[in-house]
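To start, the structure under review is shown below, and the notes come after it.
By written order: A, B, C and D. Residues from 1 in each chain.
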Amino acid sequence: MKREVKGMVGGLGVTLKTMLRPAVTVQYPHEREDPAPRARGVIALKEENCTVCMLCARSCPDWCIYIEGHKEQRPPRREGGRPRSVSLLDRFDIDYALCMYCGICVEVCPFDALFWSPEYEYSEHHIADLLHDKEKLGEWMATVPEPEPLELGAEKAKK
Amino acid sequence: MTDLLALDIGWGTTLGIKTLVVLGLVPMGALILGYTFLLKMMSHMQSRLGPMDPGGFHGWYQLVGDGIKFLQKEDIMPERADRRVFALAPAIVVLSTFLVFVVIPAGPRIKVADLDVGVFYALAVSSLSVIGVLMAGWASANKYALLGGLRAAAQLIAYELPLVLAVVGVVVQAGTMNLNEIVVFQRDAEIFGWGGIGFPLILTQFIGFALFMVATQAELTQPPFDMPVAESELVAGYMVEYTGFRFLFFFIGEFGTAFAFSGLAATLFLGGWAVPGVEGTAADVLGPIVLFAKVMFVAFLMFWARFTYPRLREDQLQALAWKWLIPIALVNILATGVLKVAF
Amino acid sequence: MTTTPPRDIPEFDVDPTLYRHLADTQMNVELDTGDMILNIGPQHPATHGTLRLVVRLDGERVVAADPIIGYMHRGYEKLVEFRTYPQITTLINRIDWLSSFANEVPFIAAAERLMEIEAPPRAQWIRTTLTELSRIATFLLFLGEMGLQVGAITPAFYGFRDREYVLNLIEAVTGGRFHPNFNRIGGIKEDLPWGWIADCKQAMAKVLESCDTFEDLVVGNPIFEQRTRSIGIIPASVGASYGVSGSNLRASGVDWDLRRDGKPYLPYHELDWKVWTHPDGDSFARYWVRLQETRESARMVLQLVDGLPSGPIMAKVPRIIKVPAGEAWINTENPLGEMGYYVVSKGATGPFRVKIRSASFSNVSILPWVLRGVFVPDVITILASLYFILGDIDR
Amino acid sequence: MADAPTTEADGPTAPALDERAQQVLARLEAELGDALVEHGSALGDLVVRVRPDAWRRAAEACRQALDCDFLSFVSGIDWMPTPVVEEDAGGDTSSPVQPREMTFGVAGSAGRLQVFAHVESTYAPHWAVTLKTDVDEAAPRLESWVPVYAGADWHERETWEMYGVVFDGHPSLRHLYLPAEFEGHPLRKDFPLLARDVKPWPGLVDVEPMPGESEAGETAGEGEDAS
C-alpha cells in the first residue's frame, strides 16, 4: 500500500516539478535554434569548380540531378601552350522533391563543386518549385560553413 | 443585489437575467478552464509553452478562435446515423451542465435558485449527461462510438453512487441539503472555539472530499477514468463522429461540467463563497471572487491528476468503484453519524 | 514486487482455425455470428503508422485478431538489387527510422567481411557509440510512448523532449538526425567534431535523469502496473519460435543478447556491461527491461567516449567498391531486436540478393497468438509494449 | 555428401568451419543422413542444403537436436541473372552489372529457385545454421514449417508472394505485403523494376561538343577517369 501511494504521489511530483521549470520549446519563427554545422540541409553548388563530369548525377541513387553542359575553347594557361577546352554548365538542377539527402553526390565530386549547407528554410507551395536550378544552388554557397575542428585523437585532415 | 441598485425588478426580468447569466457562465467557465488548464498548465507540465501567438498575451485568444472555427465548420453527419438522436445528443450533454450551475451559490444573495434539496438536485441533473453520451454513441453508427457510449454508461452509473455517498457525510454534518445553508454552516462553525477561517468541512470530511474528487474524475471521463473517450484505444469514443458546433457542445459540456463540479466541491468541502467576518453586500461582492479562487484550486487538482495518470481498464474501474470507493464511503457516513451523535 | 504466475497457456500451439475465418476479411467482412468485427487501423493512434488489425470481439474481449501489413511496403529487397553498395546505406537507413544508424552497421559489416576489410579501431568505437545512441533515442521514445498508449499524455512529451538531446548528438556527428548515412565500407565518413565528447557526457547525464523520471512517473504508478502486469504474456519458447527477439525476448527471461552472444561485430566485449532480463514476459516486463537497457546503454556510451582510441577512421578501400563473390549473414542486436542481412554477392558493384531480416516483422507476427482472449484496451497495451516501427515491418 | 563447398572459386577463400559449426554439422548429418545434400561455409557460418522432401524434417532436427528454437527468417532466392531487355536500355550504367551466366552460392543449388532459412538457438552455445533447399522452377512446392516454427507463417506468406513458392500445410497462404489482386512475383529476377524503366537515366553525358568536334559524346565521358 505504501508503495502504491508513493507511486501515485511521485508522479504528481514529476509533473509539478516540470511545470515550475522553464519550458524547452523554441518559438520557431520568432527565435530559432541553429542546426549543427554538419547538418545536411541543402546542397550548394560552386559553379566555377564544376567540370560537367556527371559523376554526381551517376552516383545519385534517386536520379534527381540533371546536368547539361557545353564545351568552349579557352586561351592556354602558359605562353605557347595549346588552347584548353573546358566544359561549362548549362543546367544543373537538383530535384529536392526526390532527393534523399544522402550526400553521395557531395562526396563523389572530385573538384569540390558541391557542398552541404545546414540551411533548411526552403519549403514551397508547389512541388515543382523544389527543383533548384544552378543559380539557386549557387546562392546557397553563402551559407556553407567552414569545416569544424575535429575532436581529440582524430587524424589530421589530408587536404 | 436588488437592494443595492434600489430597483424593483419584476420576476420575469429576474428570470431573464438569471437565465442569461447561466447561459453565459457555462461557456465562460469552459473557456477559462480550457485555457488555463488544458492549454497552459498541461503544456508547462509537459515542458512546452502551448499557444503563444493568438491574442498577443500567451495565446489567450486561442480557444475563442477555436470556438469560432468550430462554428464555421461544415455540419457533417454520418450517412447511417440516426439523425435526430445524433443531433439531440450534444444538446442533452450541455443541458445537464447548465442545470447544475443553477444551484451553486456565489454569495449570500447571488444565486440563481435556492433549492432545499440543492445537493440532491445537482447530483441528479449532472447524471443526465449520460443519456446524451449514450445517445451519441448509439446514433453515430460507429463501432468505436458505440463502445465508448457503452463504457460511459457503465462508468457513470458505477460512479454516481460513490459521488452521492461521499456527499452524505457533508449533509449529515451540516444538517441540510441546501447548498447555501451548507456554506453558511461552514462560515459560522468554529474550530474548537476559533472562527478565523470558519469551518471548511474538508477538515472532518477529508475522506469524503477525496472520494468526491475521484468520483468526479470518473463522472467527467477524465484520466485515469477516460475509457469512454480513450484517445489511444477508441480514438475519441462517443465523440468520434462529431464535428463543428456539435463537437463544440461536447467540449463546453466537458469543461463546463468540470467547472460546475469544482464549484460543487468548493461549496461542499471548502466553504464556498464564505469569508468569515464579512457579511451583507460586501459578501456579495467578495463571494464570487472567493468562490472562483476555490474553484480554480479544485480544478487544478483535478487537471493535475488528469495530466499525470494513465488510464485504468473498464473492469478495473468497476472493481475500484464497487470494492473500494463505495465501502469506504459507507464507513465514512457511519463514522460521521456516530460522531455527530456523540458530539 | 510479486510476479504473477502466467496464464494457463498451452506450451506450443498453432491453431489457426480461430483466425482463419478472418482471412477473408481482407476482401469482405462478413458478420456470420453475433461477434463484432472491429477494424483497428490503418489510421489509428495506437498503430504508429499504418498497421491494421482486424479483431473479432465478443463484448470487449478479443476472440481473434489478424494483423494486416504492407501499407508501407517499399520493396527494399528488390531495390537494393539495383543499387551499388555505397548507395544502399541510404536506403536501409529508412527501414527502422528511429534507429537508422544501427540498421547500417550489419550491412556494412557484411560487406566488409566479404571484402576482408576491417575498419580501424577508432571507427569501430565511434560506430558503437552511435549505435548505442540510436538505441537510447529509440528507447526513450518508447518509454514515453508506452505511457501515452495506456492513457497518460505527459510521458510521451518527456520521451520526445529527451530524445532530442540524443538526436542532436547524432546530428552533430553525422549531419542527419534520422538518416545518418554515416557508415562507409572500411570505416566511417568523418571524425567527431570538436567538443562533442563533452556534449555527449552532458546528454548522457540527462538521459540517466530522464530514466529516473520515467521510473517515478510511469513504472512506479500503480495504475500503470495494473494495466501492464500479466497482460500479453509471451512464454520464452513461444516467443522464440515466432522469432520474437531483442528486449521482447529478454523480458521473457531469455538471457540472449547478440551484442554479447552473437558473432562479434562491434567492440562490445571491451566494455563493462550486463544483459538485463525479466522473468515475467508480460507488458510490464518489456517496459522494465527497456528502461534498464536505456540506462545500460547510457553507461556504455560514457565508457566508449572515455576509451575512444585515436587513429584513422578509414581503412584502405579500393575506389570502386566491388565485393567478391560469396555469402554473408550478419545479425546484430538492434534496438527493436535481431536485425540481419543475408548478403549474396557475385563480385559486382552491387549485391545479387539481400535478405533483410527485420526485427519488428517477427515481433509483430506473434500478435494473432498473443492477442487472443485479451480486452480491447489490452490490445493497445500489448501493441505498445512490443514496440514496432512500421518501416521495420514493411521494409 | 560432397565435403568441399562449391563456392565460386574466384571469391576469397571461405574460412573453414569453426569448431562450433563442425559440431552442428556432425549432429545434423547424424539426424538427416543422406537428406543433407551438401554443406558449405559462409564466412565461417554453416550452410547446409537439404533435399526438398526433407525440408520439414530438417526443421524438426534443428529444433530438437540442435536446440535451435529461434526462427530468424525463411526466404527465397532466385539465382537466374536478370534478363537484359536491350543492350543499352536507357544507357543506364548505374545499376550493378551481375554475371550473365547462372552461378550458385554456398552449398550449391539444383536450379533457379531456392528457399533458405536461418535458425538460431537461444541457449548457450547459441548454435545456428542456415538451411537451403531447391524448389522446382515450374511448380515450386515445399512443406510448410508452421507446425515446427509458428513464426514461419508470415515468412512463408512473404516467400509465396515474392517467389511463388507454395507451402503445403500452411494455414492460410494469402498475400502479406501486396494487395490481394496483385499478380506476379516481384522478387523473381524476371520481374522488372519499373521505377528504373519509366524515367530516362539522368547520368547520360549531355555535353554539347565544340563545333568541329565529333558527336557521340565520348569526349566528356571522363566520369571514371576524372576522379
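Going forward, a residue touches a chain if its C-beta (ideal position, glycine included) is under 8 Å from a C-beta of that chain, and two chains touch if they have at least 3 such contacts.
Remember, predicted model here, so these are calculated numbers, not experimental data.
K.L.:
Of the pairs A-C and C-D, which shows more C-beta pairs in contact?
P.N.:
More contacting C-beta pairs are found at C-D.
K.L.:
Quick one: report the Å distance separating chain B from chain D, using the average Cα coordinate of each chain.
P.N.:
65
K.L.:
How many Å are there between the centre of chain A and the centre of chain C, using C-alpha atoms for each centre?
P.N.:
29
K.L.:
With centres defined as the mean C-alpha position, give me the chain C-chain D separation in Å.
P.N.:
The answer is 24 Å.
K.L.:
With chain centres defined as C-alpha means, what is the inter-centre distance between chain A and chain D in Å?
P.N.:
One centre to the other, that is 37 Å.
K.L.:
Mark out which residues of chain A touch at least two other chains, giving numbers and ranges.
P.N.:
8, 11, 14-15, 18, 24, 59
K.L.:
Out of chain C, which residues touch more than one other chain, so two or more?
P.N.:
Touching at least two other chains: 83-84, 154, 158, 161, 217-218, 221.
K.L.:
Identify all positions of chain D at which a residue touches two or more other chains, and write them in rising order.
P.N.:
Counting only residues that touch two or more other chains, chain D contributes 94, 227.
K.L.:
Who touches whom among the chains?
P.N.:
Going through each pair of chains, those in contact are A-B, A-C, A-D, B-C, C-D.
K.L.:
Would you mind writing out the residues of chain C in touch with chain D in their complex?
P.N.:
Against chain D, chain C makes touches at 12, 14, 16, 20, 23, 26-27, 69-70, 73, 75, 77-79, 81-84, 113-116, 236-238, 240-245, 249, 254, 256, 261-263, 319, 324-329, 331, 338, 340, 342, 344, 346-353, 355, 357, 361-362, 365-366, 369, 394.
K.L.:
Contact residues on chain A for chain D in the complex?
P.N.:
It is residues 51-55, 57-60, 63-73, 85, 87, 90, 108, 110-111 of chain A that touch chain D.
K.L.:
Considering the complex alone, what residue numbers of chain D touch chain A?
P.N.:
93-94, 199, 201-210, 213, 219-220, 222-223, 226-227
K.L.:
In the complex formed with chain C, which residues of chain A make contact?
P.N.:
Against chain C, chain A makes touches at 3-4, 6-8, 10-11, 13-15, 18, 24, 35-40, 59, 61, 100-104, 107, 116, 148-155.
K.L.:
Quick check on the complex: what are the chain B residues that touch chain C?
P.N.:
Those in contact with chain C are residues 42, 45-48, 143-144, 147, 223-224, 226-227, 230-235, 307-316.
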